[in-house]
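Sharing a structure, written as structure tokens. Questions coming.
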Amino acid sequence: MSPSETRPPETEGGPHVRHGGSWDLLGSEISVLFRRRRTWAMLVAVALIPILLAVAVRLSSSTLDPGEGPPFLDRVTQNGLFVGFTAMVVAIPLFLPLTIGVVAGDTIAGEAGLGTLRYLLVAPAGRVRLLLVKYAGAALFCLVATLTLTVSGALVGAALFPVGPVTLLSGDTISVTESLLRSLLVAAYVTVSLLGLAMIGLFISTLTDVPVGAMAATIVVSVIAQILDVIPQLDWLHPWLFSHYWLGFADLLRQPLDLGSFAHNAILQAGYLAVFGALAYSRFVTKDILS
Amino acid sequence: MKLVSRNALRWLPAFVVPAVVVTAVIAVPLQAGAAVDLPDKTPEQVLLLVNDSTVSAFSGTVDQSSDLGLPSLNLTEALPEGNDSTSPLGLTTVLELLSGSHEFRVYVGGEGQSRVQVKDRMAERNVVHNGSDIWLYDSSTNAATHLSLPADLEATAQAKSAELHSQLPTDLATPAQLAERFLSELDPSTTVSVGTDARIAGRSVYQLLLTPRTNEMLTSDTLVASVSIAVDSETGLPLQVTVLAQGQSAPAFQVGFTAIDFAAPNTDLFNFVPPANASVTEQTLPAKPEGSTGDHSGDHSPAVGEVPVVTGTGWSTIVEVPAAAVPAELGDNPLLDQLTTAVDGGRALTTSLVTVFQSNDGRVFAGAVPLAALQAAAQ
Amino acid sequence: MTGAGTGAHQAQGLAIETRALTKKFGSQTAVNGIHLRVPRGAVFGFLGPNGSGKTTSIRMLLGLTQASSGSISVLGQSMPTRLSEVLPRVGALVEGPAFYPFLSGAANLRRLDTADPFAPRRTRRARVQGALERVGLSHAAEKKVHAYSLGMKQRLGIANALLLPRELLVLDEPTNGLDPQGTREVRSLVRSLAAEGTTVFVSSHLLAEVEQMCTHAAVMSVGSLVAQGTLAALRQVGETRVHLRTPDAAGALRVLTRLGLEPARATNDAADAVVVAPLGDTNWQPEAIVTALVAGGVRIRGFAIEEPSLEERFVALTGEGFDVAQ
């Protein structure tokens, strides 16, 4: 039986020809994500972190002693390129996980809350395809958020402070161009760092139809991981916490460049991706869509 | 029926994937350590291997961890004091490096060229040695210290450098140095054997096992249960030193490479130029960093009452520092109050490996022995 | 399609077929072993009071929830195993429309259209325009959905089901929240779709609506399917009745009894009573009854022969009470 025969005249190709729809859905997902005012608000807030830091340092009359305040802050007045690094250190523990929590927690639960999940699924988006597309969207947001911070830091640093060769943690000095490359490497590192949390958020998001709950739970998970990471009695656990290497991008500011923690971090995050990806898959493909 | 099995199938990944990941986490390190079988060697042959080692240049990552049972330290409270002293390597630093675990990067570039980087959280401490220059740089304070060794006094310089190194905690970072220290102290009090072959930093190693002899003295006379030195089977370079304490299964102290590369590092690494805005301190060598044992402090020659006295032999050696020679910093450092406990006849610091005892009259006794042995020595 | 399996031939005539379809929520049985048979080309009314299990059944038909037991075949293929082949041929409106409030109506449709891997991108805009036109929303296409009224959202929901030509439309209460004009439009829309050959499965608790547009119907009650068939067949089970308004109730009862009917007073107002009598299998013509009544001295204020209504049938099947089924 051929359904297309019984159907009214159809656009050429017929209804049973795939049209590369996965990329369409991904494009649509990204455009919906970045068309939301909430997404923009979060990106603006992320961009504001280095701006606020730089303006505060610029306006304050007292100079900081080395080692005072967040890392690199005392260097900012001498070299604007440090603004981005300081902002990254400031944003990593709470603010970036918060935005990732909002985006990742919203992935499935948000659609369920709006009721659009059932329409996507009867379209049919396919549950696995939808999960993949949703995760890709969240991962892209991780990248965009860290790049926003990096770019905003570089711009405001260049605008308010002198720019010159950058002193690394090892005391060696590198050129402006290389420091910009290292900034991008740091952004890549932080993006990778957040991928595990994004997958945890995706999994939590499949558990509920209440997006706010999934967002809060994801943020709480990131806070708990960081608390566990500072309890000395649990030091056997520390290397397995997804947040353990979050500040490890410091290794990218050493000379010679140390990609060891980048690799460690990537492997750890891949482990989290596998575990929580499997959980999210199992949960979502067996889930009754009742929203 | 069919639906149930479909669902069961779909839940499979949720159990299988975590199980696989956990298995991998457990199995990969096991596999790395397993199945090493080297041609048998006697301890003498392994020592010879170390002796004949021609490695002069390498770079690597070193992990050092201590489980000395030190009381937990409030280092942040004590740190400003440590920073006040001109030396970045005072008592506070030593204690900090002895507690918990640390990661170093070590670069050795042959003749008189080496660089050790202590990786701290968002910071780094560097010791760069290049010919007659030694640079210390601490990124958290952005402070650099320059020590220049007089080039014509080669022998003295080497001695001084060795002395300096003995005071730098970072010298623990090179297993070769530590191993040599242990090997030179080999005497009839020690049983030397070769343990099972293993894999360290991706290289197959012989394990030289040093155990205090029990037939000559009671085991309880020393706190050290054994010292094992992992020797690279190809190059003879010691790659790891592990010290086990009596009655403790986890190593009390361990330092070893986690990665090593025998290619000569880029020489640029040893040409240290302090950052433009760093505060640079020039130090002439005789002026020793604070916190050292202070047996000769430049302007006055050591008096008899200031020379440390060594009693006992082998593993149960006890060092006695006369009251006059005890540096003032020891008295002032608030860390000491945290560290020590009041005992019969003074205050004591007991760790799983080393005991330090300060008697009420100010003398300080130290050794890898139980507290009672020190108290007895103080009598 | 070759992969339709052995049941393909049998199911040729059926757009939807369920066997002993059951859904349990914990201890509660929301749908209890229903055997739905929706012929192709039919406009099928799925009737039932609130909470009787209509939406739950539809969710199972569309693969949104898993059946606790039983089997489903849609367009000849088993669900949810062949979901990815079946659903592109099905348009659906499930339990009211749902959209992204921050997107315009047209953007919403485009978004949902991308989710269908078989929907061609090239024609997307045109198809969205066409669907919006079909439900009379062209003027509001670029308006954000949060600014839509309830009825506008409902129309947008129907438009979403019409983005591609479908073989089967599943519409869960499509006229909910629509104005009379909109209700009428939906009715004519359904008729025109049916005329094009689309099977329409429409759930409702509005009997009048079903009576006006459906060829077939099924009635749900407390999770069970209590009746199904063509509209005519369902009606047939009901009775044609004489409905008489008269001030002479006693006379009317006497005359009608003499004609072999079983009359009953429907009201007790002596001055203006209503008397009802089922015609049963007597073959009395209306004019003969009126003649007999007049001859018997009964004054007639109103007289009608009532065809059986679906409503009675519905009430008879699902109970009179206003309580929602558990």
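Order of writing sets the chain letters: A, B and C. Residues in each chain are counted from 1.
Simple rule for what comes next: a residue touches a chain if its C-beta (ideal position, glycine included) is under 8 Å from a C-beta of that chain, and two chains touch if they have at least 3 such contacts.
Note that this is a predicted model, so its numbers are computed, not measured.
> Measuring centre to centre with C-alpha atoms, which chain is farthest from chain B?
C
> Go ahead and name the chain pair joined by the largest number of contacting C-beta pairs.
A-C
> Any idea which chain sits dead centre by C-alpha averages?
Taking the mean of C-alpha atoms per chain, the most central one is A.
> When the centre of a chain is set as the mean of its C-alpha atoms, what distance in Å lies between chain A and chain C?
The computed centroid separation for chain A versus chain C comes out at 48 Å.
> What's the distance between the Cα centroids of chain A and chain B, rounded to whole Å?
Inter-chain centre distance comes to 39 Å.
> Using mean CA coordinates as chain centres, what's the chain B-chain C distance in Å?
Result: the chain centres lie 83 Å from each other.
> Quick check on chain A: which residues sit in contact with 2+ other chains?
Only 286 qualify.
> Mark out which residues of chain B touch at least two other chains, giving numbers and ranges.
If we look for residues of chain B contacting two or more partner chains, we find 7.
> I need the residues of chain C touching at least two other chains; which ones are they?
Counting only residues that touch two or more other chains, chain C contributes 66.
> So in the complex, which bits of chain B are touching chain A?
7, 10-14, 16-18, 20-21, 25, 61, 72, 83, 100, 105, 117, 119, 121-124, 126, 135, 137, 139-144, 259, 265-266, 269, 272-279
> Give the list of chain A residues in touch with chain C in this complex.
1-3, 6-8, 10-11, 13, 15-22, 24-25, 27-28, 32, 35-37, 114-116, 118-126, 129-130, 286, 288-290
> Okay, in this complex, where on chain C does chain A touch?
1, 4, 8, 12, 59, 62-66, 75-76, 83-85, 87-90, 92, 94-103, 110-123, 160, 164-165, 167, 196-197
> Residue numbers of chain A touching chain B in their complex, please.
66-67, 71, 74-75, 78, 89, 167, 169-173, 232, 240, 247, 250-251, 254-256, 258, 260, 271, 274-275, 277-279, 281-283, 285-286
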